[in-house]
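These are the structures, in structure tokens.
The following pair of complexes shares a single chain, subunit A, combined with subunit B in the former and subunit C in the latter.
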Partner chain A sequence: MTVMLIVRQALSGIVRDRGVLLLVAIFAALVAVSAFLGWSATNAVNAIYGQAVDWLTAQGAVVPPNPMHQTPPLASLRNLPVYISFLGAFTAIVIGQELVETERRAGVLPLIGSRPVPRGRVAVARMLALLIATSFLTTVAGAVAILALLSLPLQMRAADWGALAWALLLGWTYMSAFGLLALGFAARLQGTAAGLLAATVVWLAITFVLPALTGNVNPTAAINPVSALALVPDTPFFHWSSRLLGPVSLSEAFGWLDARTMGYLPEGLAPRAPLPLLGLWLAFVGSAAFAFHANKTLDLNGGRDA
Partner chain B sequence: MIDASHDIPAIALRGLSLRYGRHVALHPLTLDVPKAEVFGFLGHNGAGKTTTIRLLTTLLAPTHGAARVAGYDITTQAMQVRANIGYLPENVRLYDRFSTRENLTFFARLSGVQDARRRVDEVLERLGIADLSNRRVGSFSKGMRQRVGLAQAILHDPQVLFLDEPTSGLDPVGVRHLRQMIDQLRAEGMTIFMNTHLLSEVASSCSSIGVLAHGRLVFHDKVSAIAGYDERRLEELYVSVVRQEDAV
Partner chain C sequence: MPDTLSPMARMATIGLRDAREALRDGFVLVAIAALTLAALVSFVTGAIALNGDAATYAQAKALLLKLGKDVSVIAAPELYPLKLLRGTVEQIEIMGAVIALVAGYRAAAAERGSQALALILTRPLHHWQYLAAKLAGGAGLAAVLLAVVFTVTGMLLPWVSGVALSAGDALRLVIAWGAGVLYLAGIYAMGFGLSLWARSPAAGLITAFALWLMVVLVAPQIGDTMDPDNQVAGGIYAQLSVPKAEQDRIKAGFALYETIRGGIEQASVTKHYERLTFAVLGIKDSYTGKPLGPILTEKRGDLLFLLFFTLGIGGVVLLRPINPDRLTKET
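What follows is the complex of A and B.
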């Protein structure tokens, strides 16, 4: 009861925050762009194939099968995981930060702290609000993906819809891990800049620095669904760095898992970490534990008394 | 341990203190505030008044000593303490994107008030701010915010009310309105613990006072026990006890 009351209040505050709304709108727009890219590419191939069929038939030649029918249908949405890991995770960070910072700015932390509500329950409520917000982002991504898939002449089987659901669940886990991390940093570090900066630095390091160190994937390549899935260069440095840093290279683990789920993983490409799914879930659980502890022990006074 | 029987004071402190490492924010403080009294806690900025309120509202944990508020121990019965107190911090802001009613309904429900909407209407009416109910708090003046802040503090009809510099930044009309409100609440049996550095406030509203200097209680008595307890007499007393402490 109390938990849901705080969740409702927190989400109402987020919904009234123009900065957050703008980010969510940009996220939705870019997800739509990613779906359009897949839709457009599929239609272009289909159109070329149609013309080729006409020409080959006129020549009396053998007509090969449509290449689009030989690739898994979800591969047409290969840009989607990039936007989830890139802008979705950053939006989750801003939401996580705002969940604490809104209350700190409003000076209501002492008012909440002097109410008969256990601190742990308040922490759980904030985490739940964050997870609901990331669920909304995932739903937006899912709705756009479904619309795109239904508008294409693709043969979607039940297993493909299941794979889409699994890919979206992976995306939710990934975004939530960063959101929870930001929720923890916002509670631990006072001030808008400090909390946001700490979470953003971790996100930047995971998104761009680690892939460069583990597989020589430069920042531009890291936001390209094809070039991000590169083999580890055959040098002693990358051999060892991929082994050492691979287990914490979360964006690569997420990219690999989604590529495998959606059917566009290059053949024979091994993940940087031996158990990428375990790494992703451990990151989620670790962020959740950090967020819970930081929010349970949050200084409710808004600074030390003079 | 402090006795928890019916006759105990509304607020009872026994050697309550707080240290931040080597810095002593509050020296051991022993003090009783009887029920249905208005206690004025005087002291200059940084004397430790707000720290004392934060300890008594369970926002901070003491390093030594004990205290009971409304009969409950602030360390071992924090939930019961919180259920029986109201708190108006200095410079309260509230959720500025929400209306007065939305703010108050949230805090009423958080305090466990059953019929929150009806209670919010009652308190808005009582404080004369019913016309502000649907306006966003972000657009309010300091005085209007302070009234809404007081409303959130009394929504659940607490036994003990903590006010931290309640008249800070208020215009004379606002100050007068707040004083009337304090008198009414005391008449209804509420105990009020008020931090202030305004002697006029003490002279007009408080039944007893304590003076805090450098984290130490240097004076504590009934206001009526001070001969000719007008603002000027209180000022002389305040200056003399603080000077003595400064000399030490």
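What follows is the complex of A and C.
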């Protein structure tokens, strides 16, 4: 039994899963919506600025510069990281769960255990299947984003396309980290949907609780790409909590990195932790190690659902 | 379940069995602890941030007084204790909804997973009685969950803010609790119904999560990010130093854009729950310190939406017959 055979089998199960297909379809639609949203909101701000300038000029007041002026075209896609951290990460969690759960439900785990295949190889195959699935999600996001950018009246330069590719790679890393975590939880926890729930709880805590502790006080700030990039309130508590929890506040690290890459990061805004990219990659590696260990030690012949 | 039991007693038997199960495996305790903890984190960090604003104001005031300048040029931060509940309400919107979804999934999966649903329905029990018992159990769980959250935060409010709560404040908290119970009961019914109707309860849970993402996060997110004032840090009007009257004139020119934006937001039950609760608790500045009567009159549309949402989903769950092909864990 080769690794690729297991990968093919795992992916064919994912492709037949209606829940996964529904999430992928919603994700693709929202990536397109994100481009339109950013473009239309930018136009609205420019129109407001134009009217404000007329009034300020009539009053003889000083006219401040347009805050949206010289915004790079990729900033129109500023909702993309939000959708990746919501729908993309959740879809990856569902895929990670289904990769183990499908085999467990079908009762084929003991059959796999009876084959002369090293457990480590089965674990690697499942992880590979997950990474291929998240690569597909990223490709869908990239294709829709490119179509949207080409259909809007925006001037894209070569550097902008490179920045989009880098932003998508960061998104792939973020989604894959959660997918691998769910793959590990699904192998470790035998109850139906237990892996899905455990990974979802971690995802919720990272998305809505940690940012509240590091300084983005209101949980719903996470849904707005501009509000999510807030300064740390100037109190000793937030300075310390930001310093201590910043390295594990992944959603903020990802949001900051994508905002910098896509050119809408407020000037002078520091990340919560000194090396956000390192934090993101460490989370990816840690999730991968957990997924590998949990799947390698998965009891193929025991357990109530095996 | 003896055949001589009254319909109410049969429903109570099913509801109590679910409650015992949830208490035995710790789900209720974990759910209460998780939501209370999340709510407290937001509550305490909100209080600390406000405390920081007050300290900044005191420093600025002292500096102005030292320089012999007028202190009225800087606005003093206002302290209304109930405003500190903003983060708590937002955690109920998000985390509370997830807990309600999972509770609904568990209620459906419990009997399907153990193959007991087929057995229960061989008893002289109407389908609606079984479903009503499950829905009542979900509403009961939401009531207990939020009672703990609001009691704990309500007890901490005077201590954190240094301002005692009045009877009127307590009434506002009770109304916010009731709105929360309605909201979570509706989400629970959605999770329960989808997990009962799907080929497998887990597939129903995934669909319910997809709907949760759309209703709780994406629809409010689209409305929020379409707001031009949210596109610029600090707000576009504040950054351009445009007075309120001129802002209103400019906004009037964007009536269609605002209608579309508001329409998207209003498609989300979460937004109606938020608008009602923020107004009742005075979290939104325009409602702070206002009497309760006019607020409830103005916000009756949000309350009605919340009622229709919960009763509508509950009604669909109650009226849709249980599919005989969906009685077990896998079909």
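Everything below uses one rule, namely that the second predicted complex is superposed on the first by the 270 of 306 C-alpha atoms of A that agree within 3 Å, B and C clash if a C-alpha of one lies under 4 Å from a C-alpha of the other, contacts with A are read in each partner's own complex, and residues count from 1 in each chain.
Throughout what follows, a residue touches a chain if its C-beta (ideal position, glycine included) is under 8 Å from a C-beta of that chain, and two chains touch if they have at least 3 such contacts.
On a predicted model such as this, the values are computed, not experimentally measured, just so you know.
Contacts of A:Pro67 after superposition: subunit C is touched, whereas subunit B is not reached. Shared-chain residue A:Leu5: touches subunit B; no touch with subunit C.
For subunit A, the partner with contacts to more residues, out of subunit B and subunit C, is C. With both structures placed on the common chain, the touch criterion links A:Gly120 to neither subunit B nor subunit C.
In the overlay built on the shared chain, the residue A:Ala41 is in contact with subunit C alone; subunit B does not reach it. When the shared chain is aligned, subunit B comes close enough to touch A:Pro110, but subunit C does not.
According to the touch criterion, the shared surface of subunit A, contacted by subunit B in one complex and subunit C in the other, consists of residues 17, 105. Every residue of subunit A that touches subunit B in the complex is listed here, in rising order: 2, 5-6, 9, 12-13, 16-17, 102, 105-108, 110-118, 300-301, 304-306. Put simply, subunit B touches subunit A in their complex at residues 20, 25, 45-46, 48, 50-51, 54, 57-60, 79-80, 82-83, 85, 87, 89, 91-98, 102, 106-107, 109-112, 152.
Listing the residues of subunit A that touch subunit C in their complex gives 17-20, 22-23, 26, 30, 33, 37-38, 40-42, 44-45, 47-49, 51-52, 55-56, 61, 64, 67-68, 79, 82-83, 86-87, 90, 94, 101, 105, 192-193, 196-197, 200-201, 204, 208-209, 212-213, 217-220, 223-227, 229, 233-235, 237-238, 266.
Contacts from subunit C toward subunit A in the complex involve residues 34, 38, 41-42, 45-46, 48-49, 51-52, 55-56, 86-87, 90-91, 93-95, 98, 102, 105, 109, 113, 200-203, 205-207, 209-210, 213-214, 217-218, 220-222, 224-228, 230-233, 236-237, 239-242, 246, 250, 253-254, 257, 329-330.
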